[in-house]
Structures are given as structure tokens and as C-alpha cells.
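In order of appearance the chains are A, B, C, D, E and F, and numbering begins at 1 in each one.
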Amino acid sequence: MFFYREDLINMIVPDKPDPAAAKVLQETLGGQFGEMRTMMQFFFQSSNFRGQATQYRDLLRGVFLEELSHIELVQQTINQLLTGAGAEGAGQAGIDGAPLDEAIKHANPHHYIMGAQSSLPVDAGGNPWLGNYVYDHGNLVSNLLDNVVLESTGVLQKTRIYEMSTNKAFRETLGFLIVRDNAHQNAFAKALETLGVNWGKLFPVPNYDINKYPECQKYVDLGYHNAQFNFRLDQTRIAEIYSGQSPSRNGGELQVTEPPQGFPLPYMPELPNEHSPGLHDLNA
Amino acid sequence: MFFYREDLINMIVPDKPDPAAAKVLQETLGGQFGEMRTMMQFFFQSSNFRGQATQYRDLLRGVFLEELSHIELVQQTINQLLTGAGAEGAGQAGIDGAPLDEAIKHANPHHYIMGAQSSLPVDAGGNPWLGNYVYDHGNLVSNLLDNVVLESTGVLQKTRIYEMSTNKAFRETLGFLIVRDNAHQNAFAKALETLGVNWGKLFPVPNYDINKYPECQKYVDLGYHNAQFNFRLDQTRIAEIYSGQSPSRNGGELQVTEPPQGFPLPYMPELPNEHSPGLHDLNA
Amino acid sequence: MFFYREDLINMIVPDKPDPAAAKVLQETLGGQFGEMRTMMQFFFQSSNFRGQATQYRDLLRGVFLEELSHIELVQQTINQLLTGAGAEGAGQAGIDGAPLDEAIKHANPHHYIMGAQSSLPVDAGGNPWLGNYVYDHGNLVSNLLDNVVLESTGVLQKTRIYEMSTNKAFRETLGFLIVRDNAHQNAFAKALETLGVNWGKLFPVPNYDINKYPECQKYVDLGYHNAQFNFRLDQTRIAEIYSGQSPSRNGGELQVTEPPQGFPLPYMPELPNEHSPGLHDLNA
Amino acid sequence: MFFYREDLINMIVPDKPDPAAAKVLQETLGGQFGEMRTMMQFFFQSSNFRGQATQYRDLLRGVFLEELSHIELVQQTINQLLTGAGAEGAGQAGIDGAPLDEAIKHANPHHYIMGAQSSLPVDAGGNPWLGNYVYDHGNLVSNLLDNVVLESTGVLQKTRIYEMSTNKAFRETLGFLIVRDNAHQNAFAKALETLGVNWGKLFPVPNYDINKYPECQKYVDLGYHNAQFNFRLDQTRIAEIYSGQSPSRNGGELQVTEPPQGFPLPYMPELPNEHSPGLHDLNA
Amino acid sequence: MFFYREDLINMIVPDKPDPAAAKVLQETLGGQFGEMRTMMQFFFQSSNFRGQATQYRDLLRGVFLEELSHIELVQQTINQLLTGAGAEGAGQAGIDGAPLDEAIKHANPHHYIMGAQSSLPVDAGGNPWLGNYVYDHGNLVSNLLDNVVLESTGVLQKTRIYEMSTNKAFRETLGFLIVRDNAHQNAFAKALETLGVNWGKLFPVPNYDINKYPECQKYVDLGYHNAQFNFRLDQTRIAEIYSGQSPSRNGGELQVTEPPQGFPLPYMPELPNEHSPGLHDLNA
Amino acid sequence: MFFYREDLINMIVPDKPDPAAAKVLQETLGGQFGEMRTMMQFFFQSSNFRGQATQYRDLLRGVFLEELSHIELVQQTINQLLTGAGAEGAGQAGIDGAPLDEAIKHANPHHYIMGAQSSLPVDAGGNPWLGNYVYDHGNLVSNLLDNVVLESTGVLQKTRIYEMSTNKAFRETLGFLIVRDNAHQNAFAKALETLGVNWGKLFPVPNYDINKYPECQKYVDLGYHNAQFNFRLDQTRIAEIYSGQSPSRNGGELQVTEPPQGFPLPYMPELPNEHSPGLHDLNA
């Protein structure tokens, strides 16, 4: 069973709306290698795990739990990037102009038609999330290898998406997630080490220069690239895998730690002209 | 942020394998009106909620949290229905026979090709889950109405799926979920009552005869049709909505309660012939 | 604008339920070359038609209008094939048995889970109808050639589906539609003749032996293979194309005629155990 | 059987091309809550209707029939928004420039590659229409509730799309359809009233201020928000449901009326450079 | 079995990057009527061919083989259109700017997120290639007719895409493929001639004015519109079909010839900032 | 450019029809981890390769070329499994019985409706092949890791499919492909070795007992698990990677060799009742 505390796993840095950035950041939420996929993949792999080597099951479940809060973080980031985009005009806009005229030019139109300027379960191209993204073949080695590919692709994509806007909310979230993807890459690479692999200098994949992604630095200073946050309310064998020397050339010791203390969810203002939430409509 | 305790929300009743039942039960997991959809729909609706009427946001989030454990419950039920189906033969089957020959005839072949006799994010027809199942238009009334449709359809489908096998694990899980869908139907119907609707005798939808689904009775006796389990570790305003007279003709008082105490996850045996988890392969 | 009279374009011959036949007949309704596709394809081609050669537009629209009634005919045929399948048991079945246990073995499970034993917008494999089936490139020649392929494939598929059951309702509907597909094949082949093509002995495609599909004979005797039913309430130029010698080696004169007089829609009984329509539930 | 008269249900107001507006208006044609879906959903619900309460079947079928003419109206509106977009240059454009260079920047490229500047069965994001949009579970209450959600979402989306362009053809069609969606919302809400629901002040959803959508006013003055156009050539029981006090707070009496008198289909000019229809090619 | 020589079937003309052109050219690669579809369609039609009339099988296979090299040609053209788009900045871009900010505005974002500025198996709208594009019903006439539609649509689309950019690499590849599509149109039209059809003046479809597509002229001068390149290392009966008078009004003799001599594959530079191929990362 | 010789890469062992086996073997052709995906993935990875380390490009292309012949092999195997299934009866079957009645019960109905008892670009569940299966992110490490997952999953699935029928054609093709997948697993694992990884005893994945898959033994005796067939007509640097000690615990030396000598394509008889190829229809 799953429990919740209304705290974000990282902060949302205030900045201006940027619907073009929101559009591409959807890849990180609903894309083939985004947070919805990592969450669901590790959910199925842990629920379907066979046998008594439950330290691996606990590792898979541990990462799964964090992905739930990553989804929440990206949803809130997208919401901030979208909210307030478009010309002013709630109330009289319909007559005198087309306030969304400019906004939609580089935006996902569904962000305005379906979402009331909020996040959707789609990728950067607007394609809906698909169940066949989930890889779970019940074989621990192939599952772990696929998880390594997934986390590596996560970093790779985020370093590329990072180049698409200088928006601060956008880049802070990407920076945090790049570092966490590295930690999860370490988790699965380490699990394969316990099965006999020596990775040499292969990790991290890609081996990015942290100076190009300055938002990452503080998270590395906090040790987040080598930490596994523990969201279990009961016992877990995760530390039997996630401990000791990092499999990455960046070195350090892997450690299971407490999650961050949590950050407030931003307030989402009403959008009367979009009838969201529309409670005032009822009293009109 | 999300936390976890390794307990199922309901028991898995032991019974024989039944791959045909597993195939149709997938509708309840990965179908258009299944638990993956309810979970994701309420996740997006609560994260994207606008304005200060956060009692509605807390209601949406509260139901979302329970859906996570419903997914887990259905995964484990499907796993039990699949595990051990097929002829005996791990080890020599490949030479002398085709142990899965019969099993696949009325099964979803992907349960044996992809899953190692375990659950998948697909529906009863084998179609992968789709992001466009999620309804969130940011308007509270249309969202609540769609949620009522979703929970009503959930009950409707489950009463029909119920007729497809007498397997005890299958029917116990369906019975529990029918009653919980009724509770969630009550949640969203009640929220619409606070906005002025009087439902008359419309609910429950469908108005099934509980004597036909005897597994349901004990959950009704426990009051589960009028209870909202609370999975929050912090404060929630959910009881501002979920309290008072039930909107259903079945009557009773709506109450926010503690979740069930929890049930053990069944042990999933290794399947050496399917190379799951395949750790023995490494030592072969 | 579109008008309606509650009459089927052909009769539904009574016979026993046959859910396996219903499953494959879905190809004719929601398949890539089924009636939903022909209807939508000719709808788009006629609405998007450019220029003053409106005799072609009227031909496209004329066939489109008939396809609407074909959809209705196949829906009703599928409904009859499904209704009443499964063991007796409405009322007490839930306790003592699994009345749908056998029925679903060779059926599309969604016919029982979503449809209340009724038709769905999917194909024989359960795949939902897709908008990209529609071919309309705005070029008359390529559109007409594609329409010829579509109607030829329609006949080809129906002669193959015909071999999958001896059910009389199933075969009567297929027989009628085979002959009508031939008429529409003639329509588009004739239109290409007006643009200079001489088809030789190519049509009909395929050149089936009518003795193998005895249900067809009476429709041929009625001249339905060379008739274009006219559903227009105003003037139409269709006869400028659809007249004169048939382009098929089977010969005869093409003629625009009145539609058949119409046949009653079968009564669809209530299914209390499936809560369809469920009005009794409200009074329970 | 279905009949046709070449008349549009509403006028197409002349204005300049606007491919960006055409792109987003596709949501209203081929989107998850667009006219193709409403048409198909009510088609399936009415054909699959069970039992003797045929007044509900006639209501479903009545709305279905109008949706056919809505599809036609949106197709023609999109066609006008697209036709003539792009630089001049039919004939020599290929050598000296790229006449579609600018046009495609904010357009759906398939409007120029597939459609010859004409409508497609896709949504605003270019996703093809999907059969699983159709909701028909054979249960009258859940069907009607879903229809209410569908019509409410239709209005909600159209008020948002309305803000994306000031083009007159675009806004007139949206204005007309908003009012008609309200009439259909009333139809399904009223049907639920006959089953015991009292909606209070919930409808219309959303409760938009008509002054913001001035095109709507004349249709409201004509009573179109409370009228059900009758397209039946035979008897119908629709007025047993669609009559009496409107379920909307806007009040008024529901009435079954004759359809509008009809408006001419706009002439669609040839596009020689796009080879549409390409008959001149044959004589070149 | 299949063999390969590292030579392109046509040259890639150097020109500047143009990501908007790359986006629409994807239709020619991964679209419903693009080279991936032609390749796969003729692959399946030739492998599944029945009977002894193997001259038709050899024709189908012959065209299939060329389509493999067309895929390669379009991939390389797209790669050149993408490579180097975006601001300078590999190395420090992450800090000081968003080098892809402008590039993505009219681009397919997946070209930058998934592809490292390179081709993808998707269409101009970003929709992934779908197996149901392939038409193979095992009937020679319907297969050949569909192939004629496919090759005609190929030309039609390419003449429209041609108008979307003046980029030289883009237009040279389109010009070459237009002429080759004409040759393949001739192949399938001729095969239908052997079955009795007289096409009159129908072909080519569309009957474009070659002066509008000047890149085509040199390929016509080389006779490429009437040539079938032979990629077989053993005997083939293709010339039993592909010989004699062209079925096109443009006339000429059909001839089976040697393929072009081949052109070098362009060198694809590394993109360090995109971690492609990332080997330097490993030594960093 | 691509060349062809009409030889299969392995033999098709004669055996009886088995449509249920054909259905599941489709996974190996058109499934998410089947031959169409491996072919397309390595095609895109090699065409999009960046930089001067072309030994890796040659490795990717080398494996890609073989996958083309694997597609052909599986198509022919499926065709043999389907051809002749169903009761006798070409000619009079339509009247007296339903010859496909039994055949379709455990078959993919599209094998009989679309394919004329021949292969389709779909998976074991009938889902069409999807372009998003292709992984190419332009980063050599992530691409190679994904290729390892792909080839490992290929073996894993084939060992499971192997258990679904004892048909000899089915098992011979699976046995051959299992061994070739191992060779390709070695290819990509070895490439990662050159980048510093030491795999320990991880490969092969899964570490199957060859005695359970006796068809594999002769291919292992021929050294096929350590051979890379060379289909290049020009120079290739592939041996710079594919040589030396195998990365598998099974040991041996990797070697680039000539392809097998080739096997005849089976003759596919006409199916008059299915109108395939239907040439007799034209003379009827």
C-alpha cells in the first residue's frame, strides 16, 4: 500500500511562462523514456519479481517509488511553464482578440484545448503514452540491462532538452533529474556488478561535463548522484545492493538515505476564461 | 512524495491457475476503464488542480492513492492465475513436448512470451494502455462527471468479467474492487451533490443485486462501500466532501477511515524453464 | 444534411448465436477495409472535392450514403450473432457458474466486457478503427484507384470470411454486401473509364464463382450488382457516370435506382444480468 | 437507411485563409471529443440499444443524425481556412520559390501533403481518429452520463479553441456548434432527469458568459439551445424525452423542431499545382 | 539473402541545414506512403507470392530491392538537413544560451531529443511508422492496383513537399525519387497491362509538368523513368513484364538496366554536445 | 545499395500446417523484439552513425544485413505453417461447409482475411509493427546496450515460443535464430568490451541448456554462435571488433565468415478458393 505527504521532492524555481519549453519537457513526463515509463516499468518489474533474491526486488521497488514523485515534479514544472501564457484577457478576450493566438504557435495545442494550461500524459510530439514502453521479461539480467539503457537515455535526452530553453524552472528540474537518473543508473549498474560485470570506465552514460549543466552541481555536492532515497515505511534489503563503491568513474560510496525534506507545491491560480476549475461559473 | 509498506490492500485467495481468466482480468488492470487509468486520471486531475477549493483536490488525490494499491492487487491476482499454467516440464520439456501448447490456446500469448507468466500493461484484447484514456480538462464539473462514468463503468465491467470464471482468486479480487468502485462512485457523486445535484435513486450504477456476487457481501458488512481509506501522512480536507449521507439509494454514512491492515504479497516461485529470474542460469 | 428512416437495407435472417462468427465479422464493420472505412473515405472525398466536375462528387457521395446503411446492417448482424450466447443464467448465474466461460473462448472478450453483447468499432483482431485508414489525396485519379482497391478488397475479404461459419445471418449479410461491393467496384471502375481506361476482363476483382456463394444469386437476379441506389432528396448528376455498359466482364447496364424498400430492425432483448439497458435496476 | 440533401446546416462566413486555425479546428472534427466521435458514439449506442424504452433510442439516434451534418460543416470550414494559403504561384512556383514554405510553419503538414488543402480525420495534434473514443456499454445510465461529459467537453474545448483565432469562418462555426452542444447537453441531461436526477444549477457546463462569444447570441435568439432538430422521415418518440422545462439554469422549453432550411456548400476551387482534382493533368 | 555495397543510389547535394525541411521530408521516409512502406509492402508481397507466375514475383522483388536504397538515400538527406542546425556552442552552450531554442520551433523535437540530429522512422507529423500500412492480400490484381496507388501517391506527395523548401539537398532527392516513382508506377501499370488493362492516357499520375521540377529533367534524360534497376545477383524473369512500350503517355521503351554506379555516403561529423557518438566522453 | 540472391539463409523443414504456431511465431517477425525491429534498428543506427570510428558502423550494418534474411526466413516459415490449414474444399466449400471454421479458432484471423494464409507485419497478439520500437539515440554506448537487450530478449522469447508447438518447421527456424541471436549478442557485447566492459560470466543471456533445444546443436557445431556472416560486396572493418575471444562464458573465437550457401525458397501453391494469386479467376 502507498502513502503520501504533500511535498515535492525538489523546488520549482519561479520564472516566466514558456509554452515551447513546456511542450518539449513533456518528453520527460510522458515520453518513451520519461518518468511515467520508468515508474510503470519498475512497478511491473517489482510486482512480477520471482524467487527469493528479494534484495533485487527491493531495489526495483525503491526506484519505482521515487519515480512517482518525479512525475509529480515534472507535472508541476510544466504547469508553471504554461500558466499565464497567452495575452491578458480573461473576461473580454473573446470579443476583442485571440489571446491564445501567439501562444499556440510553438506550443502543443492540447495544452490549451484539453489541459487548462496544464500537463498531459503525452510526449514532446504530442503522442500519448503507450503501455508497450514497459519492459518486463521476468529475467533479472535483461531487465537490469534495459533499466540501465532507460536511465542512460533519460540523462541523454535531458541534456539535449536542456539546450532548448534557458527558463529557470525548466533547467532546475532537468538538472535535479539528471543527477537522480545518474543515481538510478548506478543502482542498476551496481546490481549487474553483483552478477559479475565490471563496467570499467563506461559510466556515467553519457559522461557529461557537469560545468555545462551548472544546476547539477549543488545536487552532486549533496551527494545525490550516489544516494538512494528510501521511501519504505517497513524493512528493505535494498542496501545489500546499493552500497559500496559507485560503479561510475566519478567514484564515491553508494548510500541509502532519507529522502529530501520536501518542498511546497506551487499554488495554481484559477483560469476563469478557461473555466478552470469553473466553480465561479456555478455562481455566475 | 510517496511512501510504501509491503502489504496488499486485500487478500489473494489461493486457487488453481486459469490463464483464460488472467487474460480477461487484464481489462481491470490495463483496460480503458481499468486501475491504471483510474490511477493516472486522478493523479493528473489532482496535480493539475487550480484554485483554493482544495477539498476537491484532496478527494481526487485520496482516491488516486488507493488506485496504486489496486494496481498492485490486480497484478498479483493475474500472476497467481498464470503461474504454473502449462504442462509440467521445466528441464526436459523442450525435447519431449510443448508444455505451453494447451495453455496458450485461450491465453494472451504475451503472458508467456513477454511476461514470464505475469501481468502486463494491456487490456483483455492485448491492446497496450494508452495515455489518451486519461480525462483531465481542468474543469471540476466535467472532471467529476467523467470520474462518475469511470467508476460506474468499472463496476459494470467487473460484474461482466465476473461471469467468465469461477476461479476463487479471480472472483475475490473482483468482488473487493466492485465494492471499492462503489465507494469511489459515492465520492465523486457526493462531490457533485455539493455543487447542487440531487441524484435521486440513480446510484449505484449499475444497481446490481449483491446476492449474485457473494464475495461482495463481507466488504459491504465492513462498510467498505461507504468508506474512504486515508493514505495521507499529513492533513487532508477530504472529509469536507466525503461525509454525511451516501448519495446511493443503498444509504449509510460516508466516512474517512484507516486503510485495511494489509495482507502479505504471495510468494512468486522461480520458473527455471522461462529463465525467470534466471539467477540459476548464471551459476549453471 | 442527413435524414433517416428506420429501415434496414437488407433483412437479418434469424439463426443461432455464434460469437466466433461475430468476432470475424467485425472486420467488415471496423476493419481497415470495412464499412466504417468506406463510409468515412467517401465522406471525406466528397466533402473535399474540388472543381466543377461535380458528377464525380455526386458519385462519391452517393456511395458514401449507402455505406451508412451498411454499417447499420453489419451492426445488427453482429448483435444477433452475439445476443444470447453464453449459458442461461441471468439472475442466479453469478453464484452457481460462469455462464460466459465457454462463450469467451473463441470470442472477442470486449464483446462481453464493453459491448453488452453488441457491436464495436474494431476489427476481427480487436484493433480499434483508425483515422489513417481514410485515403483522400484530393486527386481524382488516385482517389478513384484507391476506391477500386478498397471495394475489391472488400469482396476478397468477405469471400474469405464467408468460409468461417455457416451461420445464416452471417452469410446472408456477407452475400448481400459482396454484391453491393461489386456495384461500387463498377461505380469507381466506370468513373475511371470516363477518364480513358479500358479494363479489359479485369473486373470483377476477385472473379468469384457465384455458385460458391449461393446467397448472392438472388441479389444478382435483382440486378443489384449493376444498380446504384439513390439516397438523395435533391438532384444528383450521378447518372452521368453510373450508366451504360458495366465495366465488368459480367456485363449488363448500370442503372441508378430507388433503394430497397427496407426491412425491420430486429428487436434487441434486454440483458438483465449485463445491466443492459439497466432500467429495471433503477426500479429494483 | 439514410438520405441526404446538399445543404449545410449552417453558413460558412467568408474570410481569409488561416492554416493555423485550420490545424486547431481539426480537434472539433477528428479529436477525442469532436464531431466524428459524437456521431459514431451515438450511432453505436442507438444501433445497439436494447429493450422497449425506444424513446431513449430515438433520442440517441436523433442527435446522431445531426452530428453527420456537423462533420460536414466542420469539413467545409476547415477547407475554407486552408484553401489559398501559401504564396501565389500555381504553375511556376516550383522553380522560383517555395510557396508553402511559410504556410507550413504553423500548419499541420498533412493538410498540404495528404489533403490538397482540405480536412482530415485527425485532431489538432495530427493524431488519427481512434475507434476506442466511442463509449457504448449498453447501460443506459452510464451511456447518458458519458454523453453529458462528451457534450460538456465539446463546449469547453470550443470556448478554448475560440481564443486561438479571430477568423470569422472559424468563429461562426464554433459559435453555432457551442449552442448546438448545449442543446445536446440538454437532451442527455433531460433524459437523466426522467430517471430521477435533479441537476440543480449544474448546467450548462461550462456556464460561459454568452457576451464573450457574440456569434452565439443569434442562435440563442433562434432558440437553438433548446431545440432538437428532427431529421427523421418516419415517426419518432424523441419528444417523450425532449420536451418540457430545460434542465439548464438558462431555462426555456425544450422543443423538437424542423432543421434549419439549409445553406449552400461553398465552391472549392481547383488547385492545379497540387494536382487537385487533376483533371487538367489528363488533358495536358 | 541480401548483400550490400556502401554506395548511395544518388548524390546528396550540399546545402545548409534546414530542420523544417527535414521535418516534412520524414513523410517520404516513414510516412504512410513513404519508402519504408513501399519497401515492406513489396517485401511481403514477394515473399508471400503464390503460384508459378514468378515473373510477377520477380517484378515485386525487384522494386522492393531498390526501395532499400531509397530508405538509405532519404535517411542521409534528412541527416544533412539536420546536422549543424542550431546555434554554435558545443562545449559552453549549456551555460550561456539555449542553442536549440530557435531550431526546435519549426522542427520535429524528436529529431533533437531522440535522434542526435538524424532521421527517425516517423512521418511529417511525428507519427511512428505502422505495420498496417502494408497491403498484401495475396491476390495479384488487388496487390498491383494498390501498388499503383502507392507509387502515384508517392509522386503526388513529393510534388507537394517540393514546394516547402528551396533547399538543394531536399529538392535533388525529391526530384530523383519522383522519377523513380514514375518508373515503379510504370512497372505495376505494365503488369496490369499484361492482365488486359489498357490505361489510355491515365499515366503518369499525377501528370506533372516536368518544367516545374527542374531537378527531374536530368534523370528523365538518363531514361530513369523507364528503367528498372536490377539488383539481383542471380537470374530474374522481371524483363518478361518490364519491357516494351511504356504504359505512360510519356512513351518510351521499358528496360531492365544496371543500377547507377553509386555515390559516396556523406561524412557525418561528431556532435560532442549531443554525446554522439560519445566516444570522447569515454576518454574525458 | 542492396543486392539479392534468391536463397534462404536456412532450410524450411517440411511439416504439417499449424496455424496456432504461425500465430505465435509472428512475434519473431513483427513483434517488439522481432526481426523487423532488429533490421530497422540496426539500419537506422548504421545510417545515422557519426564520426570516424567506422568499425562500429560496419558492425551495426553487418548485423542489419543478416536481419533482412531473417525476416525472409520467418516469413517463409509462417507461410508453411499456414498453407493448407483448414478443411479441404477449394471449389465447393462455400456451399457445403465452413472450411476455415476450425482453423480460425486458435489462429490470428487476419492470417485468413488479409494474408492469403501468409505472413503479416504484426506480433503474436495481432498488433501491427510500430516505428517507435526502433532505438537509435546516436550515442554509441546506449545504442550498443540497447542492442544487447534486444538480442538477449530475442533469445529469451524464442526459448519460450519454442515450448508452444512441436512442429518441426517452427522449431528448426527457432533453433537457428536462437544461435544467430547469440552471435549477435556476442557482437554487441564484444563492442562494449572494446570500450572497457568486462562481462564476467553474464553472457549468454539467458544461459540456456542447449540440450533442451536440440535443433540448436548442429548450428553450434558449425560455429554459428561465434560467426558473423559477411554480406558486404566491398571492404568492411567489422573484424576489428568481431574477432578474438568470445565475450560469452561458452568461449571460442569470434570470426567473420562467408554466409551459408543458401537454401531454396519453398514453392507456395496457389489457393484458388482464396483467390490467391487469382490469375485463374481472370481466365474463368
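By definition in this document, a residue touches a chain if its C-beta (ideal position, glycine included) is under 8 Å from a C-beta of that chain, and two chains touch if they have at least 3 such contacts.
To keep track of the chains, here are their UniProt names: A, B, C, D, E, F = Mn-containing catalase.
What you see is a predicted model; the values in this text were computed from it and never measured.
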Contacts common to subunit E and subunit F (chain labels): A, C
From the options A-B, A-D or B-C, the pair that copies E-F, where over half of the contact pairs coincide: A-B
Rounded Å distance between subunit A and subunit C, as computed from the means of their C-alpha atoms: 47
Centroid spacing, where centroids are CA-atom means, of subunit C and subunit D in whole angstrom: 25
Subunit A-subunit E separation of Cα centroids, rounded to whole Å: 38
Multi-chain contact sites of subunit D, meaning residues that touch two or more partners: 114, 116, 126-128, 130, 132, 137, 139, 141, 156-157, 195-196, 201-202, 205-206, 274-275, 278, 282
Touching pairs among all chains present in the structure: A-B, A-D, A-E, A-F, B-C, B-D, B-F, C-D, C-E, C-F, D-E, E-F
Interfacial residue positions of subunit F with respect to subunit C in the complex: 86, 91-95, 97-101, 104-105, 108-110, 112-114, 116, 122, 126-128, 273-275, 278, 281-282, 284
In the complex with subunit E, residue positions of subunit A that touch it: 20, 23-24, 27, 31-32, 106, 123-127, 156-157, 159-166, 201-202, 205-209, 211-214
Subunit C-touching residues of subunit D, taken from the complex the two chains share: 1-9, 30, 36, 40, 43-44, 47-51, 53, 56, 61, 65, 68-69, 71-72, 75-76, 79, 114-122, 128-132, 134, 136-141, 195-196, 231-234, 259, 262, 268-271, 274-279, 282
Touch list for subunit B against partner subunit D, complex: 32, 127, 130, 132, 135, 137, 139, 141-142, 145-146, 148-149, 152-153, 156-157, 192, 195-202, 205-206
